[in-house]
Amino acid sequence: MNKSVCDVPMRTSFPVPERVDRKNNPEGSVISIKGNDIGGKGVIIIAGPCAVESKEQLFETARKVISDGARILRGGAFKPRSSPYSFQGMGEEGLKLLNEISSETGMPVVTEVMDTRQIELVSQYADMLQIGSRNMQNYPLLKEAGHSKKPILLKRGMMATVEEFLLAAEYILSHGNEQVVLCERGIRTFETSTRNTLDLNAVPMLKNLTHLPVIVDPSHGTGLRWMVPAMAKAAIAAGADGIIMEVHYSPETALCDGQQSLSPDEFAILMSDLKKIALAVGRDIL
Amino acid sequence: MNKSVCDVPMRTSFPVPERVDRKNNPEGSVISIKGNDIGGKGVIIIAGPCAVESKEQLFETARKVISDGARILRGGAFKPRSSPYSFQGMGEEGLKLLNEISSETGMPVVTEVMDTRQIELVSQYADMLQIGSRNMQNYPLLKEAGHSKKPILLKRGMMATVEEFLLAAEYILSHGNEQVVLCERGIRTFETSTRNTLDLNAVPMLKNLTHLPVIVDPSHGTGLRWMVPAMAKAAIAAGADGIIMEVHYSPETALCDGQQSLSPDEFAILMSDLKKIALAVGRDIL
Amino acid sequence: MNKSVCDVPMRTSFPVPERVDRKNNPEGSVISIKGNDIGGKGVIIIAGPCAVESKEQLFETARKVISDGARILRGGAFKPRSSPYSFQGMGEEGLKLLNEISSETGMPVVTEVMDTRQIELVSQYADMLQIGSRNMQNYPLLKEAGHSKKPILLKRGMMATVEEFLLAAEYILSHGNEQVVLCERGIRTFETSTRNTLDLNAVPMLKNLTHLPVIVDPSHGTGLRWMVPAMAKAAIAAGADGIIMEVHYSPETALCDGQQSLSPDEFAILMSDLKKIALAVGRDIL
Amino acid sequence: MNKSVCDVPMRTSFPVPERVDRKNNPEGSVISIKGNDIGGKGVIIIAGPCAVESKEQLFETARKVISDGARILRGGAFKPRSSPYSFQGMGEEGLKLLNEISSETGMPVVTEVMDTRQIELVSQYADMLQIGSRNMQNYPLLKEAGHSKKPILLKRGMMATVEEFLLAAEYILSHGNEQVVLCERGIRTFETSTRNTLDLNAVPMLKNLTHLPVIVDPSHGTGLRWMVPAMAKAAIAAGADGIIMEVHYSPETALCDGQQSLSPDEFAILMSDLKKIALAVGRDIL
């Protein structure tokens, strides 16, 4: 028998950036959003519409998801759209609606900032700032997020390696803000049957390398509503600290991402399934 | 508010090949390997070493995995290796060892065929024939597999779309063999921290499109032993009908893929965790 | 003979955004930077260091490249870096140096803007604003670029499709600025022997779809100095309207991208080779 | 100024396999196909239909391409098709037609082998054996090609790294056959506007690492007839030793790959353009 070394192609290994390194906090960081912990024993559910479209749409959706167990409301007021002719979001009017429903329900709100000039404004209305995939390497924005007092939800760029994702988080920590939650939301590959390829390998990899909490977005990670439940379950089984999902009170009429948004009824059913998976991995849904 | 259509980039949709189409068997096909069903309510576990290296290695590993609940033994006698200077497998001697331990334990065996000329030989010793990733589009081999009476384990090419994967299966069915099990084993992407990107999106997608059973290989899908448990759990949560894993009685000395092989003790622990996930999704481990 | 349709997998086709569509200007747009035309019969050469590091470095490099035929000077004052601990550029001090050498030599200057808040400042010193790969989908920045009077050099995102690249340009045009030059600079793929995969297919594809000029960056497209000449020649043969290259008076000591920067002597030799290729395709070097 | 090392992500470097290593033959190997040298000063043109479809189709196309300067005829008798329902080639009948036109014209013939069992048969009729992209890691086939006396045209797998491509060639050399020509034919990426992404970076990279000749296939590399001329020119400018192209006497009625096949008239025009590029890089068309 011809004895020889294994020919698994060697892949790049890399130094973990110093502040995000798990060594600094082997237990894992817990980021609290108005009393809702991300990164602890409980698994957090963040839900809401892709974009804020109207008071009725937002409020009705928010009341449904909160009653079914979501702990944080998502909804975009400033929307990054591939085409300049697509709906760009309601802007400050949308922020005010988010703030109003948040005050009414006590549910904290996460919403996207796309521009350094928006951070101050958005911070007046939101409890957590999202930096979206297309801005994961927008370094001026990361630096400003580092100067913010708000927790940051940092989504992985659709083209970003795990190393680059950690370096982007390091930008925020190194500028002074340690409250960062990482979100895997699908990467771009050759596969075309799904909108993105949800890289769940990244969940245990990130949990191993960094102390920051890691959540998963199966809505963008699949692009298909009927696949969201399977992949939300898989994400929790893989070790995710939470799920962020698009839910719309009427997905067929959504101005954005309707084909990947759950209806409130679908969301309610999913919540009970997620609880079973969480228990099976020794956790619970927050 | 500027109303406009959603700008999710449209992705290719494709016609499902006729024989693999789920419409032909909405309940899903069940493939039985010596009484072990793949595709039914139970989740099947296939385990064993990457390559057959010696009688001691194979037999000791096999006895361990069977005692912990694996139902089918895997092990390569003919190995596809990137380098001509790597260990190429024990060949027929390896097949004989597989057959011997199979007779002793009653556990059926799956092993790889790489060449049309090997099918007859391998069929004398094995219960199921594996067509590996690098041969997913080896059409003469697919045609011969179609003429075989043995069940086929068809692994997704590391560069193959879901459409191409189904077309490869269609080759086998259209040549007469309907006993095909599909295996997602990771695709090649830009990410380098893991050996491959395990595409769990493919699990619900395939289950939706085809009646064929779908299993997952987290060993190749991650390339890292410590990630196998998390991704095996995620695969079952996503709806996989089984898991195929590399287990080696002494991973440190393995001639092939040691860094992604579980030790028997790790495998035993994982089996009890997988049972919990299977129950959480309304199934059981076979 | 079994007659059947061809099985080339169908790929996505897409509507060309209205303002960038070649139909609006079948001859092709010519963008003039202080009298240096991009998109006409002549092929333009843009050269200079990755980053402005010092007066000596910039001025010495600039004088060399101008004497060898470069028509526009490149050099970064604000640098997007993966790591927060890497050199981030000289900022306004760098802009002043660019402006000083530009005044001295009459050579126009292109430099990067990364933040909406930088546009006004950079516009005081530069003749052309570069939007880098990581900001290709930074929509607030694209909109501000659309309000600018300066010509824009828009680099393709490293994981952007041709469709998304054209939509990004459409953002700029639809906000009022028609002076946009597109730059192919390599995409991210599974290949690791080069820094990026230079997608020269994109050159004839873009020239066919849009009236905007298209240039190529073989420095980022390869990441390797010794490959730059071959790929610069290939780019012109493929139909590019210009080349942008990194040249450093002392690549070994560069603070950024030294391994992909040409020395002035290498640049001089390349210029004479490029002239031959330009003539072979019926053009000339400007 | 904050001095720091450059943050270009480090990419994998790899050991060049021993027999293909350029060190063994710094001048570069020249492979002669019936007196037509590949890898010398001249650039070789290989042309012909995707598949042999009929005597008339093959003979008429062959006579045209030979009269316009092609030196080797290509044409598939055994065709690897994604779908089992697509035309699979004429088989031995096609080989006989290739042999007949070759005898008539003196033009050598290259055709694909897909199965170890076909090598002997195909070798009776062809002057050079092609191993296609889908079989680049079909190791039994590579080994048999290594035992053959015929020169081998080895196409890069659509998702193979440069390292894996060289290892595949090493299989052939290490089994005894040193007459191997490498062919870049496009890789699979996220881009969907072209059939594949032609990786011309691979041309200088391969020429640098190995002594084997390197040719380029712009037909498969683009999938679009109108892009073939631009990319054939680019390939020669990048340093390719030859071009292999699909030409069909009536592309509209082709059974395979009609949309990427040149008409004879388009081929004739392209040949004169390629000559200019070859001269511009100090070579000539053979």
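Assorted remarks:
The first chain written gets the first letter, and so on, giving A, B, C and D; residue counts start at 1 in each chain.
In the analysis below, a residue touches a chain if its C-beta (ideal position, glycine included) is under 8 Å from a C-beta of that chain, and two chains touch if they have at least 3 such contacts.
All of these numbers come straight from a predicted model, not from anything done at the bench.
Over half of the residue numbers found at the subunit A and subunit C interface occur in both copies, marking it as a same-residue contact.
With chains reduced to the mean position of their C-alpha atoms, the one farthest from subunit D is A. Note on chain placement: the centre of subunit B and the centre of subunit C lie 46 Å apart, centres being C-alpha means.
Subunit A and subunit B have centres, each the mean of its CA atoms, that are 31 Å apart. Within subunit C, the positions touching two or more other chains are listed as 9, 11-12, 14, 81-83, 85, 88, 159, 161, 163-164, 188-190, 192.
Contact topology of the protein chains: fully connected, every pair of chains touching. Interface residues of subunit A, counted against subunit B in their complex, comprise 1-9, 11-14, 53-54, 81-83, 85-88, 90, 159, 161-163, 187, 189-195, 197-205, 208, 221-223, 226-227, 230-231, 233-239, 254-260, 273, 276-277, 279-281.
Of all residues in subunit D, those touching subunit B in their complex are 12, 17, 80-85, 88, 114-118, 134-135, 137-141, 157-159, 164, 167, 170-171, 174-175, 188, 192.
On the subunit B side of its complex with subunit C, the touching residues are 9-12, 14, 161, 163-164, 188-190, 192.
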